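Here subunit A shows up in two complexes: once beside subunit B, once beside subunit C.
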Partner chain A sequence: MKRLIFILLSSLLLLLSGCGREPDKTFLVSAVCFENKEGKILVTAEYISVSDTDVKEGYTAKTASIEAEGVSAAVSRLSGDMTKVLSFSHCAVVMLGKNLTAQNTRDVLSFLKNEEISLSATLVCVDDASVLNAETDSNLSTGYALVSLLKSRGELFGYGTHTKIYEISTARKQKTNIFAIPYVTLKDKKLSADGMMLYLDDTPRLKLDTKESIYYAMARNVYEGGMIEIEDRVEKQKATKIKEKEQEKDNLTLSSNIESEEIKNELEAFINEMQRKGIYLFSSHGFKNIKIEGESPD
Partner chain B sequence: MRKIRANRLYICLASLAVFGNGAFAAEFISSDGVELISLGLALILTVATLYFSLKAAAFFKNKTNSAKSRLSLPIIFISGILCILAAVYSLENLIEICANTLAKEISAGLIILSLILTVVAIVASKQKVLLKFSVLLLPLCLALILFIFLMSFPYMSIKYLEIKSFPEISPLITATAKRFVFGFLPVCLPLAVLCLDKPLSAVAGGAIGSGLVILTAVNTVLIFGSQFASELSYPYAEAVSAVSVGELFSRMDAALYPICFFPGIIRVSVQLTAAIKLLEKAKKIRKLSI
Partner chain C sequence: MEKIRDYSNVTLGTNIDKNLQLIKDIFSKDTVLRNKRIGTGLGFSCVVLYFDGMVNVELINQAIVRPLVLAKNGNTAKSREQFVAEDLLYAGEVKVTSKVGDMLSGMLYGDSLLLIENCKNALVINTKGWRTRGISEPQDERVLQGPREGFDEAAMFNLALIRRKLLTPDFCSEMLRLGRRTDTVVFICYLDSLVDKGLLKELKKRLKKIDIDGILDTNYINELIRDRKGSLFKTSGTTERPDIVAARLLEGRIAVIVDGTPVVMTLPYLFSENFQSDEDYYINYKIASSARIIRMVCFFLAVTVPAFFMALVRFHFELLPTAFAISVAESRGGVPFSALSESLLLIFIFEILRETGLRMPQSVGHALSIVGGLVIGQAAVDAKIISAPMLIAVALAGISGLMVPRLKAAVFYLRIIFVLLASVMGVFGILIGWTITLIHILSITSLGVSSTISLSNPTSQGLKDIFYRSSWVKMRERPIFTRKNIIRKK
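On to the complex of A and B.
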């Protein structure tokens, strides 16, 4: 009897792990983009058909878009217009159009929490949905190719790795609502993710280039180590940790485990520059001067 | 040796019944440290209630053997009805949880499967197969929960466990009461009835089940933080879905079946088996008194 129960249990564990949907009746969404079009929400989905007949002709990703008053209305109208059910459970990338308002961004993030889209999907900022038409090495879909591109850039430069939906949603709950997500553009019809878009109070505020993105990641303690350009040479920097040490009137002292003086000075300059722009990466109010000391944090 | 083995069976049954869908039914309802403290308090209350329910059940068992047994009849009957109501509530919860986390929609198939499994489990309980199933399921459940906890280390942040100030008493009491009443109380009476002869096993099992609930809650808070977790309907299910182990297991949703579905079935079965036992007892007393 014990064996029988064990076999039954193991079979259920292994066999019930599917998505519960018929592939012939489903389009798998690999990426979805939300934009603001004259006050309305324009949603564009990149999808793949995995049915037998379509697979014979080779996997090809297609896009479909529709606009509506709200986020959920747009998505349900898009699903309603398709010949098969749109399954968002394998969606790898959610794109936020640069022209989304703060309220639009909140609506999108709130919508994502209640949908079948995994909270581990990556959030990126784009100019518009034309990014989905990029030429990629992957013959499957732009969405999946973009995830691979972001992953390899993350491994190379050490930033942009904490941009999953739940990580951004958690970052938004901090005392200063600041987050940054990869900024993806088209360059010669190819995908380019050379930096990040910094959001302040759910509005795209500042475009950061690769080096600024590295310093932003260091300041937010999400830097995982990688290549960094210092003057005319390239250095390899380990993962860093930064901590608030002491506050004295308008001065804030930080401690960090960064050994290179040049990196420390550049980071200090970056943080002070951000403060001047009203982007407070540490405490919720501005400091006239932020200093970084060399001792390594616990 | 046989005694230890019998105790082990009841420990497993009690821990799975308490764990049941408790981790999922007890939503994150507030923020900043209230979740874990209220959950801890609710689970302490659960173990205490289980202990006192066992004492009360033993007391009534002695009474029903005496001449005053007729006086106990309404209490036994009402307890049986309460167990049925608890089972209906747990089954409804289970189907809702599974529909939202596993199947992503309420399907007739899921409801029928849950009902069939519950009936099979009740029939099996008479042949003690339910107990043996629990012995197999608990280690699997424990192993999976630990595995997910260990695998989610790269996703965790210890700062989410920091409690900057002690939460206010009023929301803490509300959160504790809500968790206890809706998450764990419905299983205390049925367990007391089923494990009447094994009180220590039942309490130990309750404590193990509570430990599992705490572990899943801590795992969720460490990944999502309290505030974001409170906005999700089933935060632990989302946490399991977010964790991936390399390229091999990119999403571990399948792990939710042994963690969420089967302990839920065990919980419903325990409640219904206790209800049947109590109603049979009431029928017997009524016959004797006539």
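On to the complex of A and C.
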């Protein structure tokens, strides 16, 4: 009896040992772009192709695209057309085309939740998938080069690091229903990320330049410190914290640990301008005037 | 099967020639039996019989032949054999017996047999004198610090080496003979005041049940008396060092010495002993403790690394850093085997290299390691037969396995089982594997004592020689299975 169980278990183990995926039988997707093309979804994937033979050792980044009615269908068709299985496990960047509708954006974000794609992948907004053809100094792929670029800009200016899929999901759940992701364009065939795209109700609403992006990050309490240009000089600003202090009729008073009066005034102006455009950066909104006091929050 | 004739109830007659012929007939096909007739100065003759090569001939001449030839006065009230044994011979140990069985077993163990004219009894005289290898440092248990003497193949000599360490009348040794055809001498040693009598009784009971043609090494006994016969883990300790045996006896354990092998078995055996080194107790306890922790980590690595790598590559590829993931995919490109076949192949190749290195002469072994490990490994990677990351994973596991030689068998089999489990279920397979392994380890017993008794009955003292080695100042108690006389140091 013991022998029979042993033989059965061993056979089962050996039969099932074919499960799993061999790494050389997959294409690693480094970036994926979703666009709206005449009502259909156009998916473009940048993947790393590893040589199967030792004739020419190494790897190259290639792109492939396909369009379909929906997001899932497009990705499935794209995978089906490839010679190897597409693996999204190392996808570093998810690009949302500027022309995606609110429903398209929602479809993409819900698709990302179900796919094997890492929730720590960065979301960016692009004009179109041509960004993936940028010339970069990275020897891997445009997707990974873009992540490095965003990271270095984030470290320099203190914003942009909170744009991972799970962070955007959290932001979308808040009452304000706004989120901002880096806006990446091509400038002279090179990647450029000089600002953020602000989404309101899952629709790209407003393009923020670098300075506005910094103030947006401050207002959303995700600013981590960096360089800010004030007129002709550059000021170093530590991480900030904004706190709602007092509400009185149409007025909202905020407290902040920002020491520079100029930065404080500019931030105040930015927040009020956003209010006027109907973009409420705080959970309690509907105020005509927002003021920032210089007290440090706890 | 042809039965061995039983001589235990056969006795001698009074005719010396017939008695001599009886012995000669028994060993008619043995070419090394020697006999020498001695005409004594007392008017009767004797015959001394022995096996050439097993006795000290000089001792026979001086202690038996010379006093018999030179004897002059033989008028005493004692019987002739009593007189010869007690008043004439210079030998240290003389036994008077009438049973042929006793005579044969004595002769076969290096004693001389003295047949006396007109006597029904003969004398079995201790004249053991075979050549031994002598004291040398055991090759597998080398230490940088501490005693360097090791056992050899003579049980008596080994017993003496232990006794030299334990100068106390409390040290007991009991002799028994095992093996239908080899009639091997086996000693059970213990310290009477420390040993658990129940364990001693259990060991004797199991030894008595042994019915086998021959006992040529301690492992014969080990396999016949062990608790979990199918387990991959050891249930008895083995050593070639007298200091280790003495230390274990001082912890209330029992030692089994088998004639013909330098390996001495100690019981009961705790699982933590797999991670102990002979040197642990001769060097600073802090260094010994760190080395012990490293050995435990190495056991874990030796079993898990190839399986974990397999799981990462096939099921949890997203856990690998991107650059490394691409490097793995790149190195796997062109390799004709699946990751599973590749890892199993490498594990077998590593075992072949290790085994060959062990069996080869030392100088050739080194060359083989270089050729096998470096040249063939590099060539195989370049030829895309295997991938470099898998080679590194298996090599790391292999080298880690060498740190725990007492778990050699367990590591080898577990490594393969874990690789198979990981290839089916990924990291979950490894978790399942470890869960089952840990349950098994907790269920192992040695001579009825749980091999993890210090963990199942944890005490602050009991844990001081498990995961680390505490200083002698703090280790006041013996292991818990000693049950009585637990205080080691006040």
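Basically, the second predicted complex is superposed on the first by the 269 of 298 C-alpha atoms of A that agree within 3 Å, B and C clash if a C-alpha of one lies under 4 Å from a C-alpha of the other, contacts with A are read in each partner's own complex, and residues count from 1 in each chain.
Everything that follows uses one rule, which is that contacts are C-beta pairs under 8 Å (C-beta built on N, C-alpha and C of every residue); 3 or more make two chains touch, one makes a residue touch a chain.
Just so you know, these numbers come straight off a predicted model, no measurement behind them.
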- Touching A:48, do we find subunit B (first), subunit C (second), both, or neither? second
- Message: With both complexes overlaid on chain A, does A:24 touch subunit B (first), subunit C (second), both or neither?
- Response: second
- In the superposed arrangement, which partner chain does A:236 touch: subunit B (first), subunit C (second), both, or neither? neither
- Check the residue A:118 against both partner chains and state whether it touches subunit B (first), subunit C (second), both, or neither. both
- Item | Which of subunit B and subunit C A:89 touches, first, second, both or neither | both
- Please determine whether it is subunit B or subunit C that touches the greater number of subunit A residues. C
- Classify the contacts of A:249 with the two partner chains as first (subunit B alone), second (subunit C alone), both, or neither. neither
- Message: Quick one: is A:140 in contact with subunit B, with subunit C, with both, or with neither? Answer first, second, both or neither.
- Response: second
- Task: State which residues of subunit A lie in both footprints, the one left by subunit B and the one left by subunit C.
- Result: 13-14, 16-17, 20, 89, 116, 118
- Note on the structure: The answer for subunit A against subunit B in the complex is residues 1-2, 5-6, 9, 12-14, 16-17, 20, 89, 113-114, 116, 118-120, 164, 166, 169-170, 173
- Spell out the part of subunit B that touches subunit A in their complex, as residue ranges. 102-104, 107, 129, 132-133, 136-137, 140, 223-225, 227-228, 231-233, 238, 241-242, 244, 251, 253-254, 257-258, 262
- Item | Complex contact set, residues of subunit A against subunit C | 13-14, 16-24, 26, 28, 30, 48, 50-54, 57-59, 87, 89-90, 92, 116, 118, 140, 144
- Of subunit C, residues touching subunit A in the complex: 313-315, 317-318, 322-323, 325-326, 328-330, 332-335, 338-340, 384, 420-421, 423-424, 426
